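Next come two complexes, and both contain chain A; in the first it sits with chain B, in the second with chain C.
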Partner chain A sequence: MDKVMSNKLVITLYVLPALLLILVLIYVPIILTGYYGLMKWDGIGEMSFIGLENYTKLLKDAEFWKSAFHSFLLAIFSAISLIGYLIISLILAGKIKGANFLRKIYLVPMLLSSVAIAQLWLKVYHPTNGLVNSLLISFGIDNPPAWLAEPNLVLSALFVPIIWQYAGFYILIYYAALKNIPESLIEAAKIDGANAFQIAYKIKVPLIAGVIKVTIVLAIVGSLKYFDLIYVMTGGGPNGSSEVMASYMYQKAFGTYDFGYGSAVGFFLLLICLVVTWLIRKLTATDEEIQY
Partner chain B sequence: MSMVQQQKQPNVSTPLITQRPANGIVNRLGYGLLYLTLGIIAIFQVYPLVWLFFFSLKDNQEVFNNSPFALPTSPKWENYTKVWTEGNISLYFFNSVWITTVSVLLTVLLASFVTFAITRMKWKFSKLVLGLFMVGLMIPVHSTLIPLFSFFLKVNLIDHPLSVVLSYTAFNLPITIMILMGFYYTLPREVEEAAIIDGCSIHRIFFQITLPMTAPVLSTTVIINMIYNWNEFVFINTFISSDKYKTLTVGIQNFIGQYMTEWGAIGATLMISIIPILIAFFFFSNRIVEGIAAGSVKG
Partner chain C sequence: MRKKAISMLFVLTMMLGLILSGCSSSSETSNEGGSGSGDKVTVKLMHLWPAGSSKQHNIIVNDIAAEYEKANPGVKIEQEILSNEQYKEKLKILSASNELPDVGMTWAAGFLEPYVKGNKFAPLDDILEGELGESFISGTTEAYALDGKTYGLPLELNIAPVYYNKKIFEKYNLEVPETYEEFKNIVKTLADNGVTPITLGNKDRWTGSLWYMYLADRLGGPETLTNAINRTGTFEDPALIQAAEEIQSLVGMNAFVKGFNGLSNDEAKGPFMNEQAAMYLMGSWELPNYTTNEDVPQEFRDSIGFFKFPTVEGGKGDINSFVGGPGVGLFVSEKSEVKEEAKKFVEFFVQKWGERSVTDAGVIPATKVDTSKVDLPQMYIDVLDELNNASNITLYADVQMSASVAQEHLNMIQALFGEQATPEEFAKKHEEALASEE
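So, the complex of A and B:
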């Protein structure tokens, strides 16, 4: 049996196509990104080696740090909103009628493309005929702001569709984890006189700590590489006030054809994502996996 | 916090049942509030889409003169026929369908091969190879974009659908393998072992025994992949420039750029791009929910 199941030719045949694809299209490119960062290159003509010039320029580039700061704000916002999603999931998982249906309703925006969401929310934020401003005008506010054109408001305005898109996703994950907690543990706590808040705070939340940790990583790393919606809705504007790291990279490479510098930004983005993932896992490390 | 401390006071031995009648009204009020909150969130999640559907059935005059909350007075279904026939929407739609289908089939088949080899067969580097696939989950797409662009440029695949199909497949393999793995570990080996004893070849085991047994999880991965590929934007926007290969996600972006002022047409275009996904969700919501949960919690 082992002879059949360790046939080297068959293993190669089954694994090689997929392995080649990820090596050529994922692993080689991330190495090349770092390498191209050392070049002066417009993407088509000759490359010339300029050492660490792109990387030192990056460290002094105020526009880049502004975009990095915006990405960082998004990450913080997203991480904080997880608390809200957790509370909603605790309510939904608490034997409420229609929880299944509601959870599915919440998930719907997650299924749509960022472009469709972006176009829809461009209309929602439309200065005169959009949902938001029509509502504000009907409440008697005469001159509501043009949300996406105000440098001070644009980032907060963009955060609403981002919440809208991902709320259902995190609620789903928490709900699934909470439903996996054995009923006997909750029953035992009730017999000991614990109330709903105590059960939620002292039993349910600690039991799904591992899942919460994963969602923190997903939310923060996801925000750091956030791109589609912002690119379509504002293109980073007005005047760079909603630029994030990925849109800055895209603009440098495919907007101004500075592929060398764009690569340096891309490599920096990769490093940040990997370091942040590692850091969060380290900081939130639990000593042992919870068994029940 | 003070609430928690107060609740600690009652004696543990107090029968819980005696507390219930006193709390009845409070409980009902509490439940009412909970449902109100959950309902408001549900409206927040769904109303923008309902509103989109409404303005897809209006003309500009109605959009600009009437309240945005108003129902369409006489539904303009011709908005749909107009964008379907006049723009390239039908072409983009067809491209979305075939590019999604090919990528999904390729991804699920290759991922099944890999998962079978890793969970069923014995070889030295299986752990390492699995690790390579799993680390792939953490790589941001944008960090690979410039080298991919120059690679496809060199091999003449820029503005060729193959570049997109291959990229979708590569980037969806890790998540697909992860979802498949969980299921493969639960499958009994006895059937496969019996087949080997009967002299069945490994390829027949894979195609005729194992693959059919994984049908439930295959359908989950197919739907998850379908949603990802149908909605993908960055690769197609970067690699494809001719209209004849564009998919709906970038197609509608262009279309809206040209007809910026016609709200009805924009609404109809957006509805066309999201209806297939909504229909899939309507029929397969349990599979989709399971797939999204399985694909994320273990990450």
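So, the complex of A and C:
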């Protein structure tokens, strides 16, 4: 058996189907997107080659940079909220009453599809009958804002359901990592007189640093390419106040029939995500391997 | 060992074979669909009326297809049905790969243009030369024409009146307005009494555009906006800027439902149907909700009326000018292998559709309806009469414009209503977008 597995030909054959699938389904479309970005194309008729024109236009496109700014805000916001998730997981992983029940509560949003979540939050934010404004009115605020219609508020209003949507996912990851820490380490710390806060801060968090690093990358890159909830809830409006990079790409490709430009936006988005991922890995690089 | 390696290799080749055969079989089926096999001709029809959401429409299409198959043995109509947004996207993808259905549905003017320029739709003028051409209401097929050729035959025609709740009007002693001053008084009275005067779902943006278009028409006459779009005029025309100012003064009077910029048209319908809002400016496709739709309480249906958008003092527009236009129309694919058969089917379809759509689905067809022959609710007849007496029908602005200018227009509409842009900025942005197209 060992002999077979070390045979180069067999290894190649084993890898080949998956490799083909990845090539055809992931890398070919990426390359094609970059290629379409070089074209003037309405998505229907003939393509014509215009070189880097779409890309140079993109660099000067104020609306694109506005949407990019929104995406970055979301990324920063998501990264900060990771701290909250970590704290919740630390509490849940400790021996508190009802931890099991709470964990399930946090997981529920993960089970819903984005579109269902969007519909739900549309109701929550409804300017007159919505949960938020009904509450505000009952507290005596006569004229609460129409959250999704105010250009200054819409983005923050959208961040809340996005954070809510992913809470369960990150809490689950942290929770699993924390449960992996051997009990003996905690016991030893307790004997040495460490309190709960010290155990969490000095032992548990450093031990799951690798996992935290992964979640930071996931949260930031996920935010940069975020699309669904925003598209369903506001469509990027009012007047582009909640446009993010991915919704801008969609608007260009399918709204204005500028497929070439949309592709350029998509390819640029990919480049940004790659650079950001690389940067985060550089910044959070650690040499030591953690061993329990 | 060697045996094992060989068996693995065998499994792998099998897997690869499966993947490859999967590819080839799918391309085979797509070939079959287009051409007629043997003496049996298949015409592929793609439409956007699923049985779930558009039951009446769906039934009529099925009936017409069945009738056609019966009258023409050897022809099979194969349907593919998608909902609106999916339909638009699939149409685009199919056309990029030259696999459009033989007959399908399209929208007019701006939507149609890239398809015509990409040589995807067949000209249908030969059908119009016949008897059928006479039966279209004038101005409807023109919206589907480009460079003197017609590429689509419209199925629907809509105008947008202002629907209003008679009960609310009575309660506050209000009468149907004929001038804009009267209209503003109504708005003020209702707003002062805590009733939402107008419901509007401006997240969809074309809804707000209707209001702007009417004001532009009443102030500047039917040509001003159209001229600004086709570049013989300008968006900086005083009448068009004044129309934008009027929009903002209406917003300032709290004329529109709270949070309109974040509400979709469907959501905005709520306050009107619940009798919380007094007025709703919308296309005549809403008529069934106020006449025949059994899901809506009879009492509510009886309390709804409509009026024409009032005239503005000193404005050039007259009260019989409407905003509206044809809805979807049928196209025949240029690459279709059964083009003649497809055209024959389209001709048949339009004829039958005109006969049945009003009574069965509450659709106003683009072909003339003899109101004396059909049994219709009074409100239908009134709207059909208005349509016949219309002095002008201005096609929806976003449909008149090319796709990218339309997006700019729609965004600016939202900005105007949301007071993010001044009327002057509103005009300037339009000018810039239109200029960049030249």
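One rule holds for everything that comes next: the second predicted complex is superposed on the first by the 271 of 292 C-alpha atoms of A that agree within 3 Å, B and C clash if a C-alpha of one lies under 4 Å from a C-alpha of the other, contacts with A are read in each partner's own complex, and residues count from 1 in each chain.
FYI, contacts are C-beta pairs under 8 Å (C-beta built on N, C-alpha and C of every residue); 3 or more make two chains touch, one makes a residue touch a chain.
None of these values were measured; they are calculated from a predicted model.
S.K.: With the two complexes superposed on chain A, say which partner A:203 touches: chain B (first), chain C (second), both, or neither.
M.R.: It touches nothing on chain B or chain C.
S.K.: Taking the superposition on A as described, I'd like to know which of chain B and chain C A:10 touches: first, second, both or neither.
M.R.: Touch partners of A:10: chain B and chain C.
S.K.: Check the residue A:25 against both partner chains and state whether it touches chain B (first), chain C (second), both, or neither.
M.R.: First partner only.
S.K.: So which one touches more of the residues on chain A, chain B or chain C?
M.R.: B
S.K.: With both complexes superposed on chain A, which partner does A:181 reach: first (chain B), second (chain C), both or neither?
M.R.: So A:181 meets neither chain B nor chain C here.
S.K.: Given the touch rule stated above, what does A:195 touch, chain B (first), chain C (second), both, or neither?
M.R.: Once the two structures are laid over each other on A, A:195 reaches chain B alone.
S.K.: Quick check for you: in the superposed arrangement, does A:254 touch first (chain B), second (chain C), both or neither?
M.R.: both
S.K.: Between chain B (first) and chain C (second), which, if any, makes contact with A:43: first, second, both or neither?
M.R.: Both partners, chain B and chain C.
S.K.: Going by the contact rule set out at the top, does A:151 touch chain B (first), chain C (second), both, or neither?
M.R.: second
S.K.: Taking the two structures together, which residues of chain A meet both chain B and chain C?
M.R.: 1, 4, 7, 10, 13-14, 17, 43-44, 254
S.K.: Can you tell me which positions in chain A touch chain B when the two form their complex?
M.R.: Residues 1-2, 4-8, 10-11, 13-15, 17-19, 21-30, 32-33, 36, 43-44, 88, 91-92, 96, 102-116, 119-121, 123-124, 129-131, 134, 164, 167-169, 172-173, 176-177, 190, 192-195, 197-198, 201, 211, 214-215, 217-218, 221, 224-225, 227-228, 232, 246, 249-250, 253-254, 259, 262-263, 266-267, 269-270, 273-274, 277.
S.K.: Per the contact definition, I'd like the list of chain B residues that touch chain A in the complex.
M.R.: So the residues of chain B in touch with chain A come to 3-4, 7-8, 10, 12, 14, 16, 34-35, 37-38, 41-42, 44-46, 48-49, 51-52, 55, 63-64, 67-69, 110-111, 113-114, 116-118, 120-123, 129, 132-133, 136, 138-151, 153, 166-167, 169-171, 173-174, 193, 196-197, 202-203, 206, 227, 230-234, 238, 248-250, 252-253, 256, 263, 266-267, 270, 273-274, 277-278, 281, 285, 288-289, 292-293, 296-299.
S.K.: In the complex, go through chain A and note every residue touching chain C.
M.R.: Chain A reaches chain C through residues 1, 3-4, 7, 10, 13-14, 16-17, 20, 42-46, 122, 125-128, 146-149, 151, 154, 234-235, 237-240, 251, 254-258.
S.K.: How about chain C: which of its residues touch chain A in the complex?
M.R.: Against chain A, chain C makes touches at 1, 4-5, 8-9, 12, 15-16, 19, 89, 92, 95-96, 114-115, 117-120, 202-203, 205, 257-263, 267, 271, 403-404, 406-407, 411-412, 414-415, 418, 420-421.
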